[in-house]
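In this document, chain identifiers A, B, C, D, E and F correspond to the written order of the chains, with residue numbering beginning at 1 in each.
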Amino acid sequence: MGGMLIAALGSHLKIPNAVYQFIVFALLMKIGLKGGIEIREANLSDMILPAFSAILVGIIIVLVGSFIFSIIPKIKREDGYATAGLFGAVSASTLAAAMVLLEEQSIRYEAWVPALYPFMDIPALLLAIILANVYQHKQNKDADTKVDISGIIKESLRGSALSALLLGLLLGLMTKPDAILESFYEPLFRGFLSILMLVMGMEAYARLNELRKVAHWYAIYAFFAPIMHGLIAFGLGYIAHITVEFSPGGVILLAVMAASNSDISGPPTLRAAIPTANPSAYIGASTSVGTPVAIALCIPLFIALAEVVFK
Amino acid sequence: MGGMLIAALGSHLKIPNAVYQFIVFALLMKIGLKGGIEIREANLSDMILPAFSAILVGIIIVLVGSFIFSIIPKIKREDGYATAGLFGAVSASTLAAAMVLLEEQSIRYEAWVPALYPFMDIPALLLAIILANVYQHKQNKDADTKVDISGIIKESLRGSALSALLLGLLLGLMTKPDAILESFYEPLFRGFLSILMLVMGMEAYARLNELRKVAHWYAIYAFFAPIMHGLIAFGLGYIAHITVEFSPGGVILLAVMAASNSDISGPPTLRAAIPTANPSAYIGASTSVGTPVAIALCIPLFIALAEVVFK
Amino acid sequence: MGGMLIAALGSHLKIPNAVYQFIVFALLMKIGLKGGIEIREANLSDMILPAFSAILVGIIIVLVGSFIFSIIPKIKREDGYATAGLFGAVSASTLAAAMVLLEEQSIRYEAWVPALYPFMDIPALLLAIILANVYQHKQNKDADTKVDISGIIKESLRGSALSALLLGLLLGLMTKPDAILESFYEPLFRGFLSILMLVMGMEAYARLNELRKVAHWYAIYAFFAPIMHGLIAFGLGYIAHITVEFSPGGVILLAVMAASNSDISGPPTLRAAIPTANPSAYIGASTSVGTPVAIALCIPLFIALAEVVFK
Amino acid sequence: MTLHKAEKVIIITEKMITKGVCAIIDEAGATGYTIVAAGGKGSRGIRSTSESASVIDDFANVKIEVIVNNKQMAEHIMNKVAEKYFQSYSGITYMEYVDILRPEKF
Amino acid sequence: MTLHKAEKVIIITEKMITKGVCAIIDEAGATGYTIVAAGGKGSRGIRSTSESASVIDDFANVKIEVIVNNKQMAEHIMNKVAEKYFQSYSGITYMEYVDILRPEKF
Amino acid sequence: MTLHKAEKVIIITEKMITKGVCAIIDEAGATGYTIVAAGGKGSRGIRSTSESASVIDDFANVKIEVIVNNKQMAEHIMNKVAEKYFQSYSGITYMEYVDILRPEKF
């Protein structure tokens, strides 16, 4: 699947936007529904530690990233915050690719793990936005604009990606959507995901140009950050494994979430909330380098690591 | 499934129009194909009485509705006719929801029953349009515009919803589309329907505002009319049950058709044919009140009633 | 399936462009994936003769067509070349329809046969474009525009139709997409194809008007050419049957490819490369006459012929 | 090259009456028109015209532009459309002056 | 029939700030606006504004048109939008003179 | 605030030659352009340009707008496009006068 990434060089092939949006919607609904159904039957206390780890990872990534960019010369601070936020946030498609691979290799995971997505995603975006806003406040002290935290949370929950996921979760929790999940979302899942991978591959190629125009540091960060982030999350997940028997598959997914960077909802959220940051900087780096590294390198890496660690 | 109706408050989630149109097309093709296949094998004489009941129900609903609105003060006559027409017409999605529920509870129905849709839909719309036009004629006597009945019938048959249904019917009757039905339309049916329900739920919420701007009477009518219409149809269906052994499931579906109001093809047809009627009046009432009542209240009600009556 | 062609007369039914594009993409990916998987396991030497036949057929069709149109009076030479090119090129949907029919009648074919598509398609388009350009050169001798053959090849490979097919082929060859093919593309195949047939049927009807405005000769050519082209290819396929045991189903598919005319990628390619040709001439003839003849007449004809010949 | 003065009539209204508006344009003798999908807000509320545009991502208005070589024809089209439709359907119409390249085309 | 002079303000900018631009228009007191999906190239590169428009077939700009009956209001809208957004978001704004049919509508 | 006079060239033509038209615009030295999907009817019949627009719900024309600060450049673009394309492809081009906010941008 990873192989399809660089395929469509120079081709006129385009995916209609309506289809793309529907595919994203279906993937997130599927993850949400499945998660919701599973949470209904899960032992809530099992989820506390992993959820807490997810939040922690999101925060650590943004703090570390912001620090790294702040010591690199000639990088605008806002650009650094936005990039760190994007890498702290989570990519549903990378996550879905890992899920498919785990299933193929029949590595078990608690089905509610993918539903931890927002626990890592929201804190990361939020923290990045707050840091950027606080920084701007300090710069122009006369300004009296306040950082509207609850507004940012609301906006990010209302975004189309999180809405779909949360809607799925809710429906999974409150209704009995098992039949629809099985007859509709499950068969479409892999096909839709493969098309999404295709889009992302073409996108990665198309963005390379943009990346070239910004500082090299972004590319370097984008290459190493996913691995580092994944390892941090793997570590925390391992602790959860020992203490509350968090499954090996769950640990892998947590690490993949950390390694991934938000490709659907993150960019517009950041663009709206940190308008002074240059989108070419953070989107170029994440799409062209971060995502391919997360998918093609990190997923197999963490699976291999799990085989070593949990044997 | 009904539970998903009010879900997406304030969310930015939107369904692309292209996807929405395709979903509607697929649902109607499925109903048509299935109906056509079944009619091929059915005893035509069994269908006469139910079909006749459907026509009768469509006409009764419009007459009763027009009468009710004509005695309410301060309601424009055209608005009353249009509203009555919309409630006489049929919603494919409400009907489909009832079909899914019947199948889940394994209540049997003749598969040609959903194909009775146009028998109730067209007479209702037509009668409402004619009444409104005749009324306008009387108002300005000098006008010499004639009511073009055959033109209205043609237009309503050509509308995209009925076209898809009739095309499905025709193909079901004349070709052997069983394989496509089973491998393509059946698996997609429930998933597409659930997405349509989602859209309708969001739409209902969005239209509440509009409803508030028009007279309360619309909301009151929209609440009670589906129940009343359904009961009338249930009664006529019961007669068909006794005389030609019309199945209990068929009686339920007939009642649901009557209770439903047209959400896809009805509004534009009425808007074009009764331009002086205020769309906020009839669409607000039907979408925000009529449809939720028909789906969440009437379907379970009629199923329960059938269990009492047919035991 | 053929019966659905003329159905939707005068209806307002429209298929959203996004859905249409996605359906085309999915069909071509499916053909490509399947072909790629099969080529991986096939004996390459078996493919040489059929592939060579495909190329030959594409060239013969264009030469014969160009000759025919050149002797008909009052036909612009460019229009003739473009029409011949279009009939030499291949229609993925006609091909897919033949594949479904063969499977229904369980006539076996090598799964790589549909992947021969570009072997016939590209030479035909290319030759037509070159002939037209050379002709124009001769007309205005002062012009110094050269015919950019490699540019034309590149452009035609990059077109969205061939891109999707080749991408599928590549993925089929290099990765293991069997699961996605089976769970996603296969179930959608027939349904999508039937919708495409519907679109083509409506299109054929809509183009009849256009056809009426151009010379009758186009309609006459469009009626007989598919049969003639198919028979030529059938003959060459038969030779391959005798010499390298090319399957009867393969022979039929080769003949159908020859009989078909390009409906998706051909027209824009020709329009761009032979701008002086009148699109109403070649598109009208192929869509309204050529395609229906290829699907409704040629496919059953060649199947019947095969039953006679290979018994 | 010389450019010639001409008039451009713009009509922004509900998608569903496109056919009727175009018929008026054709009858008036214009040589063509251009249609663009549009959304909007007017005196009748945000996208008041769409039957179901609040949830579904769609533009329910159209913007129709007609270039005519003759001011009377322009005014005629504007009046006809306003008279026939703007009581029952939402819509606006206005005019601009443009410079065209080939006057014989319009 | 008499036509009346009016101003039309055009704003071409990124889709994502549509809501904010429309709020400025409403506050300025305009009676409505029309929105059209657009793509384009400007000082910030081809479709610089779209998060993912290079592969996905989509227009990521919008063209917003406002007709106002009052030149000051027109200039006010242009200034406000340019001030608030055009430092961080790509976009242009310009004005045209149009003839409207029913001045009381605008 | 001062507004400055400028020219807007509009080209309405078939979608498939968008790339070529944009190349002409770029070569002429314009700072950008805006593209909108359009349908229409002209001398070559309803949506004469679309390969398959009669059944599929799609706009097959584009409307391309270029604002330039220089009338000669405007006329140059119009002539070039008309010369190169309007014999074989359907299309029209015309010009309007607009008032722009920041003349240095164009």
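Here are a few things to note about the model shown:
The criterion applied here is as follows: contacts are C-beta pairs under 8 Å (C-beta built on N, C-alpha and C of every residue); 3 or more make two chains touch, one makes a residue touch a chain.
What you see is a predicted model; the values in this text were computed from it and never measured.
Rotation relating subunit E to subunit F, from a C-alpha superposition: 120°, rounded in steps of 5.
Of all residue numbers used at the contact between subunit D and subunit E, under half are used by both chains, marking a mostly different-residue interface. Taking each chain's centre as the average of its CA atoms, subunit D and subunit F sit 19 Å apart.
Subunit A and subunit C have centres, each the mean of its CA atoms, that are 43 Å apart.
For the pair subunit B and subunit E, the distance between C-alpha centroids works out to 41 Å.
Along subunit C, residues 14-19, 21, 187-188 each make contact with two or more other chains. Touching of two or more other chains is recorded for residues 36-37, 57, 96 of subunit F. Chain pairs that touch one another, listed by label: A-B, A-C, A-E, B-C, B-D, C-F, D-E, D-F, E-F.
Subunit C contributes residues 1, 3-4, 7-8, 10-19, 104, 187-188, 190-192, 194, 198 to its touches with subunit B in the complex. Per the touch definition, subunit A reaches subunit B in the complex via residues 16-19, 21-22, 25, 154, 157-160, 163-164, 167, 170-171, 174-175, 177, 179-180, 183-185, 187-188.
Across the complex, subunit D meets subunit B through its residues 16-17, 45, 48, 51-52, 54-58, 87-89. Residue ranges on subunit B touching subunit D, taken from their complex, read 14-17, 20, 199, 202-203, 206-207, 210, 263, 267-268, 271-272, 275-276, 279-280, 283. On subunit F, the positions that touch subunit D within their shared complex are 10, 12, 36-43, 59, 61, 63, 75, 78-79, 82, 92-96.
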